[in-house]
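Order as written gives the chain letters A, B, C, D and E; numbering starts at 1 within each chain.
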């Protein structure tokens, strides 16, 4: 290290105890004493909580009194407090990028137990930072402008609520939904726990509001196919699938459906999960939004063979809304931020054959039963089994595809309450004996435990035990013609056989089937379970690591409607705040070409995924557009003549870190 | 630097402990290592992590420099293919890694001393597992510690220098 | 009826038998407090915990007869010193109040038996009477002698503080401690104050019953208590009567006086050894004599 | 002796090409000879080591040493000339970065000696005699220089003031260097006396290099019909140009051969091989490990390719042998 | 070996449904099976079913399993469970209810002294208005396990010496009033 290179360097080193979090494992005093011996270090201190106000003031004071011009803070992860200490430096008049953090908590004291080794490691890391900070340069934060428009992907309750919230703030929102209608899973539910208000009654007004809102562009039957750009300026391409109906002309009179050459519905109705049938031309459900029919090209004779009477066309001859020639189209939009609310799928219980789903007709999923108990469902609200009987005994099995190492490890969070609700509704509809087979009853939420108590007192049987199998094998005359649940009832202490007319599987919630592709397209991450990863599990549960992209609802993990709405509102608030601020501050970690050093070899040009590097023909040099550069440093590593640098991650800085951690090797 | 070496124990003889330099990308592996910390997943203290924004920033020079300065192993952690925060920086890392391993093999450094792992932000456990595994692997290979080798080479010259000096002194007296 | 007899006294069967010392000390204490009590005439068994096991209504009616008799006397306060009596009487009041069907049956019975309808008779416990009606301050003032250096553990047993009573806090009762301190007794912090002694179990599943009492005694000893103070005849009996057996079984040197609260208070107020029934104890007799007779003699010299 | 500035030339482990390159100055050499006194130049003049030892320290203005350092004798000479010279110039790739001789750093001393004295096909040496550092004969001792563990660049042995890169350096660079020496207008110590951009700067084929280079295969030049007008990399031929300092006037390229890197890296680079490796690998057009490996198979000797002139000065310096 | 499985036909759901109608049993269904009752009960460690299990069995209609258990008789009515129960289930009352049913259905363990004591106690009270401790215990012992008397002899002697054991058979004066107390009341009990 030469003093000539970077002026008179005066380094202050600050070792945080983090209460006992660090100090219990790392000998912070020894680290501070050691740091004091390193070249360039003027002051080395340890302090109980560096991030506290007095801790920050300590740094500010040293900057002012001791002319400290480089700051090394050994504390927690930079993701937590880098901005804190940069702020402290800035307040004392020092360029914030003269601060370097050393992670001796997450990467040291919290993962090691041996005090000596942890202390040695802390010293090594501190030394590396001291050597690194030597080369730091003053930098400016970059600002990028924010397009005020917001894209919301997914039209379930999360997307609907987020879109409405943003739209109400006066910003333009694009709401893109894959299906022919918005509403998502919530539209399929009958009642909502714990208040038992009807899902449709509370959802459909919001759906209509979306349709009617002047600030919302609603694109159903559409999918995002590509995303480019970054915070403030995302370029998104949306594919609009042909529904063979001109949305602007269809008024939802549904006469075409009556007129269809199929006199009877013949195809599985997706909305009712195949419990009823629909025609090739159909509307997903009566309150579908937009209220526009759609033609299923797989089922429609005209679209399949071109040889149909096309009686639907006749029915719509005046308006001419039916258009068999419709093709998919692509729209490109510019938005400043994106809210992803792509929802979930339910666990396919065929994966647990012991429960006989798909084998025994009277084994249902909770979602199917939602349709069964719904007054506008396939049975007009009558709970009858597939063989047409009113069940006298119904068993609801919890944790099907949840809390199970063989399927999904996580608790799906809503199944307990859903099951309590369905138990109540089934009992109300049929008077049947209802058995809930549970592992734990999880009723955490406002009014939830109270609802559990209500259902308990309605005489629903709570059998604590995970059903081992559902079988139709009768061991006793009383079991003939029934399904039998075999279970250890750990409450009574018996292994029991309980004959049931209907079995309901409370299926767990899983990431959407294409969650991985969506995650990649938007450049966000997934947690281990495959749900989208939030920036911070406590403090930033809607932002992602990608600035300007937020997640809401069940794409982030199982949650109930109130939590979904809260998260959607939060995501919307973040998007609104971003748009209202008008700009976003970026880390100055961009790469730049030192023009006189560049040989114009063009090696770097194709490496940038953001097209930030161009080759300037006039100068025969590469040039990096700082606005487009995201600061990954890939071109820096690749530049064969070392002519590209990266702010905050200069070669010298990293080399000195390497040297620092290995000084005694 | 002339201070008393604090890592003596790590460096010398029977007490040799593998020393591994890790380059972790900010978005996935570094975050995963933070998660490992938050979840208190213990692992071997033999690793020194250097944060880069993307594994694509890892210049092969850094790897060689780490070996040259005494690392017994180098670990690079990046996002899973397809999950790169910078779209495809990790693919560049992967390609360099393959070529670099060939060079290292030709220069007598066991390929196991350089490891590239894809560790997503949520895979705290994998950080701990990878580090422990690698420490064991490198332990089995034994010390590399090129820094010591370089010191020996320097000593070779130093002894000559001394000899030359002595020779001249003798000549001067004659 | 004498106008001064505000308190009616319902002895229950035990206070005429194994718990006779309770009756003796209670009457003595109240006499010394100048609060004479009058025994409920022709009272019948309350039904205790047992009758409820056979018939709920009958148990209620049995209790109801006593309450009706009390009503006949015109007194409002009926002192039931036995925890079981206290609970049963109060519970029957609750059952009558809460269940119209039981109330109906009760009324029919009282009518048939020619007894008055139930009215607001307050079932009281002596502990709570001492605490609320006499008060700590007055007890302290009335105390004429103190047991210097004797440590006692107060023990409530279960039923007095359980759902139907208002004797004390069910989890952390302190009133007995306060009373004992007021009359000059040192109290140890005993955490098993409301743990069940097993009640009639010593007579049925003998081993289990004795075991429960052994635990209570052992813990009191460990805490350095030299005696235990009770407010229930069955508790006193269980703790008192089986110490020899426990000694034999466990080899532990347990020989601890088991007192009634009224014996301790009565003595402090100047009651005499025999009139407080202190001579009726089975265990810890030596200590009892040492504390309660020698002291008295010493005092006569003063 | 005149008071013209004194100049010396010396060669260590080298091929002699550098010596010839001095003659390549052609008639200019006469100008040089007029301007300076060449006091030591074993290849051209009969001056002994002891004559040099006898010169006062610092009496030579500049010495140009070519060749890398392998033996103790070369080390001794390096020390000696360092002491006698005001300015020591590493002349040519070998002195600068180890050069081709330093490729021997891929082998241990023992491997080399065994091969050369025992295993090489032309060797007949049944007794497996090896040269000994000291050999006593008839009461006199004969010594040979020590054969060192590895090949070093000059600056790994003694402090070097300037570098003239190239295998060999061009007459133009040499002339410029001499003129600078004579004028005293010298750049900061440690400077490589050649431009600090890479070869592509001024490469006649630069325009033919695409900005979206994707390498689908690596071809070996001697097996390939090379298009004389197109960037080598665009043809899948490894060209060290992007990672190599310019100043050679693109001589190889003009001869339709790719750059092999003799000018060494630019001043920003610590390891020339690592840098070209990084740049080339980044552009490999494959995502799956197997496909990547398949493409990389086109570079059968990556060390020989990327470190042809710079192994001694590479970060790892030599092969790790046990 | 005894078969352990329970078929559903063995469950008396009607009985279970009716159970909450009895005084004190109303909150039976509120039970969340937390086990506080069993934890707080000083006698649960001697029981064949824990109090929590008793509640579960009642709820699921396993009538005989409950009525035949010793647990309900071991309950000493200390009410600790009822006080501690987070759902305010009156477990003691449920135990009483079960005891009564066990006696009525003749399902109680026959030579188990506690139900015997209960019957003797009630008989005496019904006949005489009061109970005499000595005579209740004596008759209970004679009907369950006469050997108990031997072990009690010493205690009895001590009590006698202290004037705490009366051999008198107590009796109230207006015994006739008790005739209006029904033996058992079918409607309520």
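As a working rule, a residue touches a chain if its C-beta (ideal position, glycine included) is under 8 Å from a C-beta of that chain, and two chains touch if they have at least 3 such contacts.
Remember, it's a predicted structure, so these values are computed and weren't measured experimentally.
J.: Which chains lie in contact with each of chain B and chain D?
T.: Neighbours common to chain B and chain D are A.
J.: Farthest from chain E by Cα centre, which chain is it? Let me know.
T.: That would be chain D.
J.: Where the centre means the average of the CA atoms, what chain is farthest from chain A?
T.: It is C.
J.: Which chain has its C-alpha centre closest to the mean of all protein C-alpha atoms shown?
T.: Chain nearest the overall C-alpha centroid, as shown: A.
J.: Looking at A-E and C-E, which one has the bigger number of contacting C-beta pairs?
T.: C-E
J.: Centroid from C-alpha atoms only, then distance chain C to chain E, rounded to Å. What do you get?
T.: The answer is 23 Å.
J.: Could you tell me the distance, in whole angstrom, between the mean C-alpha positions of chain C and chain D?
T.: 109
J.: Just the number, please: Cα centre separation of chain B and chain C in whole Å.
T.: 81
J.: How many Å are there between the centre of chain D and the centre of chain E, using C-alpha atoms for each centre?
T.: 104
J.: I need the residues of chain B touching at least two other chains; which ones are they?
T.: In chain B, 59-61, 65, 92, 96 touch at least two other chains.
J.: Of all the residues in chain E, which ones touch at least 2 other chains?
T.: Touching at least two other chains: none.
J.: In chain C, what residues contact two or more other chains?
T.: Not one residue in chain C touches at least two other chains.
J.: For this entry, which pairs of chains touch?
T.: So the chains that touch one another pair up as A-B, A-D, A-E, B-D, C-E.
J.: What part of chain D is in contact with chain A in the complex they form?
T.: Chain D residues touching chain A: 196-201, 206, 209-214, 241-243, 246, 265-270, 275-276, 278-279, 282-283.
J.: In the complex, go through chain B and note every residue touching chain A.
T.: Touch residues, chain B against chain A: 1, 3, 5-8, 10-11, 19, 21, 27-28, 30-31, 33-34, 36-38, 40-43, 45, 48-54, 56-62, 65-66, 69-71, 79, 82-83, 85-89, 92, 96, 120-123, 128, 145, 147-148.
J.: Can you tell me which positions in chain C touch chain E when the two form their complex?
T.: 13-14, 16-21, 42-45, 47-58, 61-62, 65, 87, 95, 98-99, 101-102, 105, 108-109, 112-115, 158-159, 162-163, 170-171, 194-196, 198-201, 203-206, 208, 212, 241-242, 244-245, 279-282
J.: Mind pulling up the chain B residues that touch chain D in the complex?
T.: Checking each residue of chain B against chain D gives 59-61, 63-65, 67-68, 81, 91-92, 94-96, 98-100, 102-103, 106-109, 144, 146, 149-150, 153, 156-157, 160-161, 164.
J.: Considering the complex alone, what residue numbers of chain A touch chain B?
T.: These residues of chain A touch chain B: 34, 37-39, 77-79, 103, 105-108, 110-114, 117-118, 120-121, 123-125, 128, 519-520, 523, 525-528, 533, 545-546, 589, 607, 609-610, 630-634, 636-638, 646, 649, 651, 654-655, 657-659, 661-665.
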